[in-house]
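Quick one: this structure, given as structure tokens, is what I'll be asking you about.
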Amino acid sequence: MNRHQIRALLDEVRDGALTPEAAHDRLLQVLRHAPFEDLGFARVDHHRTVRQGFPEVVFGPGKSADQVAEIAERIVNGGHSLLITRTTRDVFDAVAARVAGVEFHELARTITLRGTDVHPGVGTIVVAAAGTADLPVAEEAAISAEIMGNPVDRLYDVGVAGLHRLLAEHARLTAARVLIVVAGMEGALPSVVGGLVDVPVIAVPTSVGYGTSFGGLTALLAMLNSCATGVSVVNIDNGFGAAAIASSINHLR
Amino acid sequence: MNRHQIRALLDEVRDGALTPEAAHDRLLQVLRHAPFEDLGFARVDHHRTVRQGFPEVVFGPGKSADQVAEIAERIVNGGHSLLITRTTRDVFDAVAARVAGVEFHELARTITLRGTDVHPGVGTIVVAAAGTADLPVAEEAAISAEIMGNPVDRLYDVGVAGLHRLLAEHARLTAARVLIVVAGMEGALPSVVGGLVDVPVIAVPTSVGYGTSFGGLTALLAMLNSCATGVSVVNIDNGFGAAAIASSINHLR
Amino acid sequence: MNRHQIRALLDEVRDGALTPEAAHDRLLQVLRHAPFEDLGFARVDHHRTVRQGFPEVVFGPGKSADQVAEIAERIVNGGHSLLITRTTRDVFDAVAARVAGVEFHELARTITLRGTDVHPGVGTIVVAAAGTADLPVAEEAAISAEIMGNPVDRLYDVGVAGLHRLLAEHARLTAARVLIVVAGMEGALPSVVGGLVDVPVIAVPTSVGYGTSFGGLTALLAMLNSCATGVSVVNIDNGFGAAAIASSINHLR
Amino acid sequence: MNRHQIRALLDEVRDGALTPEAAHDRLLQVLRHAPFEDLGFARVDHHRTVRQGFPEVVFGPGKSADQVAEIAERIVNGGHSLLITRTTRDVFDAVAARVAGVEFHELARTITLRGTDVHPGVGTIVVAAAGTADLPVAEEAAISAEIMGNPVDRLYDVGVAGLHRLLAEHARLTAARVLIVVAGMEGALPSVVGGLVDVPVIAVPTSVGYGTSFGGLTALLAMLNSCATGVSVVNIDNGFGAAAIASSINHLR
Amino acid sequence: MNRHQIRALLDEVRDGALTPEAAHDRLLQVLRHAPFEDLGFARVDHHRTVRQGFPEVVFGPGKSADQVAEIAERIVNGGHSLLITRTTRDVFDAVAARVAGVEFHELARTITLRGTDVHPGVGTIVVAAAGTADLPVAEEAAISAEIMGNPVDRLYDVGVAGLHRLLAEHARLTAARVLIVVAGMEGALPSVVGGLVDVPVIAVPTSVGYGTSFGGLTALLAMLNSCATGVSVVNIDNGFGAAAIASSINHLR
Amino acid sequence: MNRHQIRALLDEVRDGALTPEAAHDRLLQVLRHAPFEDLGFARVDHHRTVRQGFPEVVFGPGKSADQVAEIAERIVNGGHSLLITRTTRDVFDAVAARVAGVEFHELARTITLRGTDVHPGVGTIVVAAAGTADLPVAEEAAISAEIMGNPVDRLYDVGVAGLHRLLAEHARLTAARVLIVVAGMEGALPSVVGGLVDVPVIAVPTSVGYGTSFGGLTALLAMLNSCATGVSVVNIDNGFGAAAIASSINHLR
Amino acid sequence: MNRHQIRALLDEVRDGALTPEAAHDRLLQVLRHAPFEDLGFARVDHHRTVRQGFPEVVFGPGKSADQVAEIAERIVNGGHSLLITRTTRDVFDAVAARVAGVEFHELARTITLRGTDVHPGVGTIVVAAAGTADLPVAEEAAISAEIMGNPVDRLYDVGVAGLHRLLAEHARLTAARVLIVVAGMEGALPSVVGGLVDVPVIAVPTSVGYGTSFGGLTALLAMLNSCATGVSVVNIDNGFGAAAIASSINHLR
Amino acid sequence: MNRHQIRALLDEVRDGALTPEAAHDRLLQVLRHAPFEDLGFARVDHHRTVRQGFPEVVFGPGKSADQVAEIAERIVNGGHSLLITRTTRDVFDAVAARVAGVEFHELARTITLRGTDVHPGVGTIVVAAAGTADLPVAEEAAISAEIMGNPVDRLYDVGVAGLHRLLAEHARLTAARVLIVVAGMEGALPSVVGGLVDVPVIAVPTSVGYGTSFGGLTALLAMLNSCATGVSVVNIDNGFGAAAIASSINHLR
């Protein structure tokens, strides 16, 4: 469907010959199978916002600083917001040399640039973390959720071994529209939080721990076996993934 | 807070001395730490609907038919909807002898009785399943989602090895407000579906498979490592859990 | 050391030539390397009470009803209390035919006969269990602790997803001298309880759960990684083992 | 409850209007839900001694030297003993720059400062270790137990392959009120020691070994499956955790 | 090489034209690549004694009673000793109907018939077992070792938790030329025995245990990580395999 | 594309306006996204032969006898060959009641009916199996390969511990165009065979074994780590899968 | 068989006394048990091309640069093509110092030198890769396949989460005679590709991912459990192995 | 027993009042429970030769160069042979500074000094290794076996994928009194060797491999599941352990 056809379609809508809903459906149908930009080593997807609600996100590991910078430039040139995860200050320097206005979040290991293509979320996303060592993952989630248009309330160091610290924040927990709960070690926090709220809880196991924490596997397993309802789980240390899900929930109207 | 206090509080709201929001907050605060009924072997939670949006659900395994029937009777007497999962026809007979109107869903292995305490969900929940052998889990999810007040659209036998079967249902996929995607074996379906929609996908691995499917572990791991955004995961065969999450998402306004 | 020597030693104590402490030490030293009774298929240890504070306990699996009954008879004939774990009603019938007064505990799957060789424990042992399906293991622990001379307070169905049920019993938790905390699925209960008390917590993972509970492995791992201090762990479903440890703690003066 | 209320309560006790037990209960009840100090990245818990018998312990990994030093300063300013585990000489330098009198234990990788808030334990804690390579973990346990007020008897290089080395120390083993038994590789030492004593044995698997020792997993599994009664287990290399449990046992009266 | 050639070769030996060693070498060389008897579903190896010191042994599982009986008949007709492992009384009945003189060993689950082709071993093989439940595996080892021509000394129920039971048998342990040590649960017995003797120890883990014994895996891992030298290991429950190794060692001259 | 369009296309080919290659391409393109028959519980794929070279195969587990029979009927009515795997005699009876001429292969647990839609393979497929207990899997592979049009040469009981049995069949091994090598236990056979031939080897691990064979996992791992080139692997016990791959290789021209 | 015998044999062929097929068989039979060159630390196999279709390939890890260079020299001196995998630039320098004309492929980490002993493959091998981080493995496969004589078509960054990128290349997929499909994370790409083509698919899991990707294990398991037929699997990151299999398939006539 | 008693005992033997056997027994009984030298961090065992046939061996990891040197000095001063495994050149320098005549074996990572307390073994130990990368482990075994008094025949690079390389050495294999077979990857070599000889085979899995070799676990599992009789297994990379077992076998008379 070329731009003339798009124009014709919009004319039909204006004239009442086509309902906006029908026109919208036809537009999306086409756009969802739309082209991409081939860089040889990667295919940059310019219609991701249409299909998935947020532009393509760059996962840092396994790409050179140059590759990341080139992809970033294409995304920003496409008019999109920029989010690069699991990255370093060196990569940031390479990106900043090509793209103006990018920010580096050290603890969260992310690079962001807010574009104009992001719709605001409906409510607040609470990001709760069990311990100080979980903060890099929690911040990856928080920064990612913010760049996707969501207000974020951070609630850190509220692990279950000191239950009074968590219960003291009961009001903030129940004010959330969706929660991201981050924990390593025994991963019990989502179960406790899940029993206190009636909105979705996205549990993020972290690789924090030693010995039989097995790099976060124990926390993951605990979260998958939560006796609380309403808890779903993402991969170990996947703060971004949790944010993407929470944001897609928080954008439902 | 007794019922007189509740009445007084409502009078204040009527008179404008208290905003409904404030009154609502105070009511919930109390009710969320409210009593339960102790049967000796179990503590039936009568305020679960207030706290979590749906009454207590009975997980069948490890309880005798008599125990399940007694718990069921208390729940129904409390005026709640009834949902019993992972159960059998024998248990159904024991429950039906005490509670009128219950239904048994053979494939889903669940017992239900719809009460009046369930609010309708906002949109439709699609339950997609990869293969015929995944249907018991898919049906547990579908029946659970329905008893929680959600319209459900079932999309079965759409595994990724015959992609045309899935793509033929593209419109139904994109019509969902939230999707539950059920698959065993290599568990690839949520990744493919997650790339086609922009709403939350709850992935349910099933124990369908043999050899290195390891009772659903392979499907679970694949889902946790999905390259698609927007996919979160529940325990193996946990159709009910997926439904509870999907329903809590579908009740967000 | 023969019985004449024992007599002479006691005479020395009476005459003040030897302190009771010294005599006690010399007696124990000998007895701890003392003989046993060889049944061919088993060696019944008659000095276990001296060495370990409780007579030999019979672990049921892998022994025929006749073998268990014969061992039981030897233990009782030796003047000891009797505890048989992981057993069945059929074995009970075989034991009851040889030994008068034995009791069968169906839920706990144990056989007991209280002898006169058991000293009372110092305080109370609380046995807390997360869910109804954990009761067989919790009861194995409770019955075992009781036959070893300890008062037991049972606190069942207090899983972390309904925190108010647990917090409502705060006083009983803090009244314990030692706690046995039994949980399957995500095994979070010991972490929460461990944060509320300052006495030892023995955590018992159970095989309750499905999918990635891996027969109790997830609960075990969670307990080993507890962020609460004071929590040690025993094998999956090992209610008896937990009781033996709790009892040895509760007999310290 | 402010200090005036505390004073009033004590007056009531003096006047016989309140039993000490009741007053004690009320005091603890309040204090156990008491405030904490929020540093942004951590919440320092000043009532930990009341609730758990020993002040908050600082787990080193995942915190910067500055963060550890700041937390340490707050703890010591609060009048508490200080224990920092899994730390380094660099962190020690940062802490020593702010807190006078701290000690660094190289082998144990811990920093300590003894305060006045520690009660002496009842008896002696034996720390037994199988091999030379297990000493860092054994020393973490020993130093931790000492700072918590317990006399410690160290018994090193007594692995089961040279049984005569262990049996030569039989008297020291049986003199313990509680034992911490540290071993890597096949983890058999707690089973042998557990059969020789009638007091609690806390088994600590270490990551010492290679190949199928799997970083301590084999030792852990062996300890969980000990055929000796009275053996409970903590996480791999968790010397501090074992000390905390042993100390809580050794403080029971 | 046909039988005439064999005769010629022996003549050369008689005449001194060929040393017996050289003749022996040439005979073995040929025989080791010798024919077998093809039953369609199996290829019975009639030169196994020449190549490996004992005739082909029949492993029961996965073969029908008829198949086992037919193979057994061929082996006995070939003039060999018979050993069938992991078998049942039903199979025994089928074998006994075709082969006279076979014996069934119920506990060891083996069928034997001693032929004339077995050389006596040099010394005694001790079979030690930790607990009563390990006896089926220990007996499989003992019976197998006996049919292979070795005197066997059984030492049962000598687990490490009651060390005095083992030490009481020190003389019998040190009298062995090779030991088979059988244990489940934590699998510590071979480590202790290995430290007491200077001859080879074949460790056999058994599937005795529950929970984290993982069907014998824990015992296996412990044995592989034994801190005692001289311990090698076979598969879980592989009593026959241990006997075959012990016998090959015991036949070295 | 309807049949008139197909006719038109063929006319163009006849008239030389379209090359057969181009026409073939266009036909396949359409047919590969062609319809299927929806039975509610399954979607029968009638263009599978076009897309994948063999009609849809029915995997038995998780389907009722009626379901299998109905699917079978549709496949045969569609003019296709029939292959049902992992099935039983009961299912066979249900199928035979609806479909004339089907055969049941007891050892292979398969049902077959040869249609007219199968092209002959180019060479011979050798199916080699290590032991008698591997035959069900080997036969599933052999029967499947035959129904797909391939001549099969069976080579059974040629495990590596009796190398002479394998080397005796060297000529048959090297005569194969592709080999399927089936083995349980240590899974070494594909490595040895892979070193003797220069054509593709499809390795099939079986669940034959005990203890640390872990249901075929050990054989699978060994095959994945084969030091021989040319060996690829399928899931445990997946005889059919190996046959499908071997057949697709054997149909390459 | 010496060279005179080879000559005689060829004369027989010329004279029609022997068919070429028979002569070829006899030659191969001999050559396949032929000598090798012993370097002390390695045995260079000069008849590998005869036996397996391609000369010995040098696997880099665990060998010094000198060792690799020496082996490389012998292979090239033997007149063979050279392929060294998993190597580094340092090793390349050592090899280039001894062997003229070698090439280094940085991304693929391989060294190659094309000899005259390689036959061209029949069709094209498609190498498809899911993401940018999979390229080192994909390139190892592509370079290896090319040096073995096969045309290669590369299809990169076509992961299943953006299905339109894959479907856009449908024609290139179906043009392949055999496919190598490389993917990490959830490893779903081979299942989707396998459903679109009717030729063999060799699936290569990569170690790309984090957390529960377990270094490629998840991708491997997913591929082994593929619901698509025609997919076989090699070890994680084994690009070379996949190429060797694909090449042996592509050389079948 | 002091040295006078020993002298008296010997006099009795001289006078015929005591048989040498009886005297020998009494001497060993005492010596086997004899003292050791306590260095604080280690207890050097000076009677190990009496009890186990070879002096204490120093396992390098987890000990400082100084500690190793001090232990080495005590062992040599005690008149014993010296063997230090898993060590480095740095440690060698520290040892050489204190002990004259020690040798460093780079590939084997061992330090040795041959004393006069070693008896020669009966026959030859063959050490066979599958690949070049296995040589460090193979050499650890070979050097260890030599220092224990055994002639060693090395047979390297004889992996099963090139069977002709192994079969070419058939005579050397069958000349062994005991074999140590070292292999990584799929670990098939011991199975093949075990089928060719009738003496004990000690299998040593190595950590050579990648991906699913899991650091030697696959090779270990394959060896434990060997279909050949006579194969026992030691821990991954445990060349020394295999040598100790082989030597104890080779010293049996």
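Labels for the chains are A, B, C, D, E, F, G and H, by order of writing; each one numbers its residues from 1.
Here, a contact is a pair of C-beta atoms (placed from the backbone, for glycine too) under 8 Å apart; a residue touches a chain by one contact, two chains touch by 3 or more.
Keep in mind that this is a model prediction, so the values were computed, not measured.
Comparing the chain pairs B-F and A-C, the larger number of C-beta pairs in contact belongs to A-C. Subunit G and subunit H, compared by their mean Cα positions, are separated by 40 Å. Residue positions of subunit A touching 2 or more other chains: 32, 131, 162, 195-196, 211-213, 217, 220, 224-225, 229, 235. Interfaces, counted as pairs of touching chains, are A-B, A-C, A-D, A-G, B-C, B-F, B-G, C-D, C-E, D-E, D-H, E-F, E-H, F-G, F-H, G-H.
Every residue of subunit H that touches subunit G in the complex is listed here, in rising order: 131-133, 135, 156-158, 162, 164-165, 208, 210-213.
On the subunit G side of its complex with subunit B, the touching residues are 130-131, 159-163, 185-188, 191-192, 194-196, 209, 211-214, 217-219, 221-229. Those residues of subunit E that touch subunit H in the complex are listed here as 28, 32, 51-54, 57, 122, 174, 177-178, 195-200, 202, 220, 224-225, 229-235, 241-242, 244-245, 248-249, 252. Residues of subunit H touching subunit D in their complex: 32-34, 36, 40-43, 45, 61-63, 67, 205, 207, 215-217, 220, 235-238.
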